[in-house]
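Labels run A, B, C and D following the written order; every chain starts at residue 1.
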Amino acid sequence: MNAPDPPLLRMSGIGKSFFGVNVLEGIDLDVRSGEVHALVGENGAGKSTLMKILAGVHPADTGHIELSGERVEFSHPVRAQQAGVSTVFQEFNLLPERTVAENVYLGREPVRRGRVNARGMADDTAGLLDELGITGISPHAAVRTLSVAQQQIVEVVKALSSDARIISMDEPTAALADHEVELLYRLVRRLRDRGMAVLYVSHRLKEIFDLCDRATVLKDGRRVDTVPISATTPTELIRMMVGRPISTFFPDPIEGTRPGPVRLEVAQGGNDRLDGIDMQVRGGEIVGLAGLQGSGRTEIAHALFGIARFTRGEVRVDGRRVALRSPTRAVREGIALVTEDRKTQGLALSQSVLANGRLVLDSVLPFRARSGARRLPGFFTSLELVARDTAQEVRFLSGGNQQKVVLAKWLATEPKIIVLDEPTRGIDVGAKRAVYTLIRELAAAGVAIVLISSELQEVIGLADRVLVLHDGRIFGELPAGASEEAVMSLATGSHNNGREVA
Amino acid sequence: MRIPRALLAGGAAMSLLLTACTTDDPDSADAGQELTPDEEWFDAEEYENQLAQRDIEPEGPEDEPWLQAIEPEMADTSEYKLEGEDAEEPTVCFSNASVSNPWRVTGWITMQQQVEVLQESGDIGEFRVSDAADDDNQQISDIQAFVDAGDCEAIIISPSTTATLTPAVEAACESGAPVIVFDRGVNTDCMVTFIHPIGGYAYGADAAEFLVEELEPGSTVLALRILPGVDVLEHRWAAAQQVFGDSELDVLGFEFTEGDGAQIKDLVTQHLQRGDVDGIWMDAGDGAVAALEAFEDAGKPYPVISGEDELSFMRKWQEEDITAIAPVYSNFQWRTPVLAASQILNGEEVPQEWVLPQQPVTEAELDDYLERNADMPSLHYAKFGGEDLPGFPDAWQDR
Amino acid sequence: MTRTAVPTAPGRIAREAVSRLVGGGSGTVFALLILIFAVIFAINPSFAQPPSMLAFAKQAAPLVILAVGQYFVIVSGELDLSVGSLVGAQVVIAAKLIDGEESRTVPVILLMIAFGALVGLVNGLVTTVLRVPSIITTLGTMLVLYGAIRLWTGGAPTGALSEAFRRPGRGGIEDLPVIGQLPWALLIALAVGAAALALTRSPYGRTLIATGDNDTAAAFSGARVWRVRTTAFVLSSLLATAASILIGGFAGVTAQVGDGLEFMAITAVVLGGVVLGGGRGTVIAAMAGALTVEALFTLFNQLFLPSTIQPTVQGLIIIAAVGYAARQRSTRSP
Amino acid sequence: MRSLATARPRPFRLGTTGLVYLALVSIVLVGTAVAAARGHNLLGTANLVDMLTRSSLLGFVAIGQTLVILCRSLDLSVGYVMALSSVVAATTMAGDPARIGLGIAAVIAVSALIGLVNGLVVTRLRVNAFIATLGMGLIIKGYLDTRYKGPAGDIPEAFQLFGYTRIAFLPLSAAAMVAAAVLAILFLRMTRTGYHMYAVGGDAEVARMSGIHVERPVITAHVLCSVAAGAAGLLVAARFGTGSTLVYASGYDLESIAAVVLGGTYLLGGRGGVAGTVAGVLILAVLDTVFNILAVDPFFKDVLRGVIVIAAVAIYARRQVDRTASRSRFAGSRGGPSGGTGDPPHPAPAEQGGRT
């Protein structure tokens, strides 16, 4: 474990807390040059926060960072870059309207004789792209015209151009179609071969075992252990991440929960992103939707909620055919959608807890608003919402509590059908617990539940059935408690051999 | 981080406030007392001159004041006489400052009516107009456009501002076509004739003298002005300051109202809250009624007031039987330029400086003028002098 | 922060009210308002007399009403530059159509309301459906109204208003003990204020504010964003119409009526701590902002401040107040 | 996502700037036809001069305004800066040809200072640009009205030439304006500050993460904008032969914004450029001239302008919609759909700092 000379990166005793909630505590981590180091853990384990501290976005409350033995302070992302630490965030730091070259050198534009050396920028960018064996990206292309994968490459090139010695990537495959993942693998290997250190944040065991040399496991903001990949197994790793066998982590169905009649039925549903979607959800049933991002999970949620509606096929609620033209209609039909992106889609951040809780009632069911609002405090309490009071602005709440506000908002509408898109993304374990319990309670109350999550254990642990999506189609159905591998193999489409993926 | 920001803010604010204060003119700083007109706008000689002109019998036809002139010095215009088919329906071009207030609108209608008459008679052909909408730069372009077009036989200009249009007018003169300026002047005498009523000093003095006469010594007077920096208006105020200065009246101060009735009423109401106001001096009639209403609403007796020959005011004056005078900035001057143009193009001589008569409407003539304009809208001007034009009265009624 | 259940009514109501009023820099405006009045009274005690105060209220009423309208638009994340010229247009329309005939008063007022609603509808739809930035939309409307009205009247207003039309802006309940006349304008402004307050507390109002804060979230919660915003524009135009009735009634017709009112209204609202960009600030504070602006002018007048320098002071105060409010917001801790 | 995963070649489409110039050309053609019908030659020297002169004044202001808007800010004080500059120039020169240089220097200094204050108030005090510059305008207005009663100072003949000379049909002032435009374009294309203006306007947070001091470009833009307005003031003085305090009433502030947006620059910053703005200005000028030839009622001009500006922006907005499709990966609704109130870009406050 201990190298002769100090490792390229050493983080020791890193601690961080937001709004009184400890997100990280005493994290030690060291990464050597020429290694791909996985940082694994469930969502909310603290991976992203740790990265942001490394990137200089957040200052650490405690602990310090060393680069090849020298202590460094990253007051600003740029300090980190200059020190040779570059980060590729899940949400790219790119300007869609500017060209690839301009983005790569953003803030570091080379100047010659007082003028920005545009040609030089373009040439160097092209050079870097070649080095990585990337084709099909012109330095002069506007970034908005690129695919997500290509945008990610631009981010990496950006990192290289600043002579990074350490590149950390946050869920780099999250947005990629599987054939693009291969491209990323090649990219990462090349970086490693150039003697760089790659900090690879992911919760996808497959990738980790494909790609990484060592893995550091985080759980609830603490470091569990750092292990060489060669010396561990997926199950072992999961055990470390979860800390207990999956089955016990997720609450069991509540006594007396039994599937009722079909509440939601989609027949041959399709639009420009989806095709031939057939699904039925019974009252009291939890149906999981698994699949890689971009496989159509969120698209189904949006179609059911009238945002990007089905242009083909039909949807029935309680056997009645409905036209889900707009969210308004969807809500009127008793459908609720907990969106995957809380901050931009879920909440009006500078409004009070109460105002957010009332939002759906106010905007769709004004006549039920008053009575509905009266029940909100009850929901807040049962969800164990922690806020100063209901007049507090939600932007001051922790991620978990924000999510609780979103859930309360929907509970207040007494939905028949609730679609949960990544309901536990970026929230602490306590909040997760609350969410899981709630899902069970809703099921017991006869609500039809569609659960979307990129955390396979979550889907497997909660859902009665798992529909696996691939490439906009339902690719297969698995019973409760199916193995992750089974789901994955369907999700990656590796089952149907040789089938062309658009 | 925060403190410096606050300091910075304060610093910026202070420095600005200082620059603003240090440049306070004494006269405007304490408007209440200061009563010597500031020399920038006061030309003693011109002042005396205008006051004198009020009593001079103008030459020209009795019943056509727009053709009368006070002490005219005729200018020979034979060089502009058009011969042959040039004389057939010559194109006349008119660069108008704007029609953005009732006075100009009334005059503009009168002018159009006069033009029709002249077009009937073939004295002028095309009458090309461009309206600068009160934008000096726009009007300069407009005049240039006329010059460059080259087919204007005569150019009539009603400048939006005196000083700023001087270069443009000079350019127009150089083009060879006869240039006629009216209403406001410009700082050059290159034009063939400059047509205007006696002027701002006379106007302001008429009003001020009336107040001095009618009011007991020591009575309070409030001056309502439209906006600063417009010479015609500044002259009126300068003259008033001169007159008030020699009087026993106590001038409370002056307010700029932008001619907006609501503002006028606000301001007067506030002054009435502070104490009595016995007299109102206005540099233009717009909103005189609003000023009077302020007294009504405050339950105070009507003041002695100087308005303008605008009908809304004159009607109020008649109804409520107020002690008032309506100084006149002769609206009929809008007829003169086109007539002058046709005269010049016929080679007839015209006054170099064509000073039109400018008689205030007094109590005595009030009923008569209201009689003659009975059917006219309230924002119409009594001395518009278009009664004999064919379009009368419809053209002025449904504008 | 301890793990306690969230405190609820009535404590909540109170807290919410307070935090909404004082929060977001709105506190600034009330302090400023009190300060200004203190100074005015100090200079001129007679101003504290009911009649003077009522006269002040009468003058302030139109701007207060405009501010309310502007508040709805601004809090929904937009801006309405067209109110000034709309007020002007409405007064001129009234004068030309009524032309002194008492009998025409009511029909014309109805027509004005319809016209106001139409203008608001156009502003709203162009902004939401055609996605033209509201600042451009309403700037365009401003130009169109300005031109169209003068095109129609040949440059200067014609006709005259009826007595009945002028009563709301000018008259009141006469000969009351002590206070003398109780102006209709005041009562109307109070009514509008109360209605506005009720509206902001209503489902629509809450949706409106949430939309201004984050329209994506609002849309994902089932709100019809375009409809919500368009309604705000219609409200603004209707209130501008109401204001025009008061202004026309107060001072009659003049060519310049309405000029620059849009900036006055926006200033008032922003002075009230309402944030351009939407989602923050209360209608009460906006109305207080309007009162503050009016009081400011009264103060200038009481101080014999030369009217030419007044804009300078006004500008400084606005910048200072807004800057201060901004700092308050950015430094407020959870 | 899938549909984007493969970077399929996008069909060629005309850039917004191209569109603007297309519009300009077509308007010129239509105008020429209409004018010809009335027996006028729109492209004759007289009218060309007329158009170019009209555009030069608004041009200067609009060029400056473009820079500010690119930074997602706004400047409503330009009209007043113009007025002030014209007076400063006229009073400093005081009719003495020897003092021309001094006058110009004074104008630049004064306007730059105002721009600096604007920039600082917007960035440091975080006062919304709309209010900040509106307030600054009022401050200057008060100063002008108090200090000067009407036109002041005297411009020496030599400098008036700047307002009236012309080479063939090209007025000197228009040439100067074009030169300024070229300079601005080069500035945006060749200096880091120029690059950073786009960055800050496009996404202040990204700019900050990339180590750009987000306040600097904004302040610079405001300074340059004011200086451009100052140049316009100089032109005013040259044409009027004196300083005019009342130009601020001519509404150049809002008109310049209209011209910029008409030129295809995005009101919320980050996209567009000076070239488009120049076209926008020319379009307005051509319309003006055509209206004049047709002797259109001045008030009808206002109506048409209003309609045209709205229509144009609506068209750009349309094009913007389908473009956003490919942006789903970029954080949601930045700056709201159409707030357009020029929110100053500044580092996100702590509670929003970490982007999940």
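Going forward, a contact is a pair of C-beta atoms (placed from the backbone, for glycine too) under 8 Å apart; a residue touches a chain by one contact, two chains touch by 3 or more.
What you are looking at is a predicted structure, and each value in this text was computed from that prediction instead of being measured.
Asks: Let me check something: if the centre of a chain is the mean of its CA atoms, which chain is farthest from subunit B?
Replies: It is A.
Asks: Distance-wise, how many Å sit between the C-alpha centres of subunit B and subunit C, to the nearest whole number?
Replies: Computed from C-alpha means, the inter-chain centre distance equals 35 Å.
Asks: Return the distance between the CA-based centres of subunit A and subunit C, expressed in whole Å.
Replies: 45
Asks: I'd like the Å distance between the centres of subunit A and subunit B, where a centre is the mean of that chain's Cα atoms.
Replies: Inter-chain centre distance comes to 73 Å.
Asks: Find every residue in subunit C that makes contact with two or more other chains and list them.
Replies: 155, 214, 216, 306, 308-309, 312-313, 316, 319, 323, 327, 334
Asks: Out of subunit D, which residues touch more than one other chain, so two or more?
Replies: 121, 125, 139, 142-143, 145-146, 297, 301, 332-333, 351
Asks: By the touch rule stated above, which residues of subunit B touch at least two different other chains?
Replies: Within subunit B, the residues that touch at least two other chains are 5, 9, 16, 20, 24, 28, 99, 228, 256.
Asks: Make each chain a node and each touching pair an edge, then name the shape: line, ring, star, complete, other.
Replies: Shape of the chain contacts: other, as it matches none of the listed patterns.
Asks: Give every touching pair of chains, nothing left out.
Replies: Listed in label order, the chain pairs in contact are A-C, A-D, B-C, B-D, C-D.
Asks: In the complex formed with subunit B, which residues of subunit C make contact?
Replies: These residues of subunit C touch subunit B: 44, 46-47, 52, 55, 59, 62, 153-160, 170, 180-181, 247, 250-257, 259, 297-298, 301-302, 304, 306-309, 312-313, 316, 319-320, 323, 327, 331.
Asks: Which of the residues in subunit D come into contact with subunit B in the complex?
Replies: Result: residues 45-47, 49-50, 53-54, 57, 117, 120-121, 124-125, 139, 142-143, 145-151, 160, 163-164, 236, 239-242, 244-247, 249-250, 289, 292, 295, 297-298, 301 of subunit D touch subunit B.
Asks: Once bound in the complex, which stretches of subunit C touch subunit D?
Replies: Checking each residue of subunit C against subunit D gives 77-79, 81, 126-128, 130-137, 139-144, 146-148, 150-151, 155, 212, 214-216, 263, 266-267, 270, 275-278, 306, 308-316, 318-319, 322-323, 326-327, 330, 334.
Asks: Could you list, by residue number, the parts of subunit A that touch subunit D in their complex?
Replies: These residues of subunit A touch subunit D: 48-49, 52, 57-58, 76-78, 81, 89, 91-98, 102, 106-109, 111, 114-116, 118, 136-137, 144-151, 175-177, 179-180, 272-273, 293-294, 341-345, 349, 395-396, 399, 425-426, 471-472, 502.
Asks: In their complex, what parts of subunit D are in touch with subunit C?
Replies: Against subunit C, the touching part of subunit D is residues 121, 125-128, 130-132, 134-139, 141-143, 145-146, 254, 257-258, 261, 267-268, 297, 299-307, 309-310, 313-314, 317-318, 320-321, 332-333, 335-341, 343, 349, 351.
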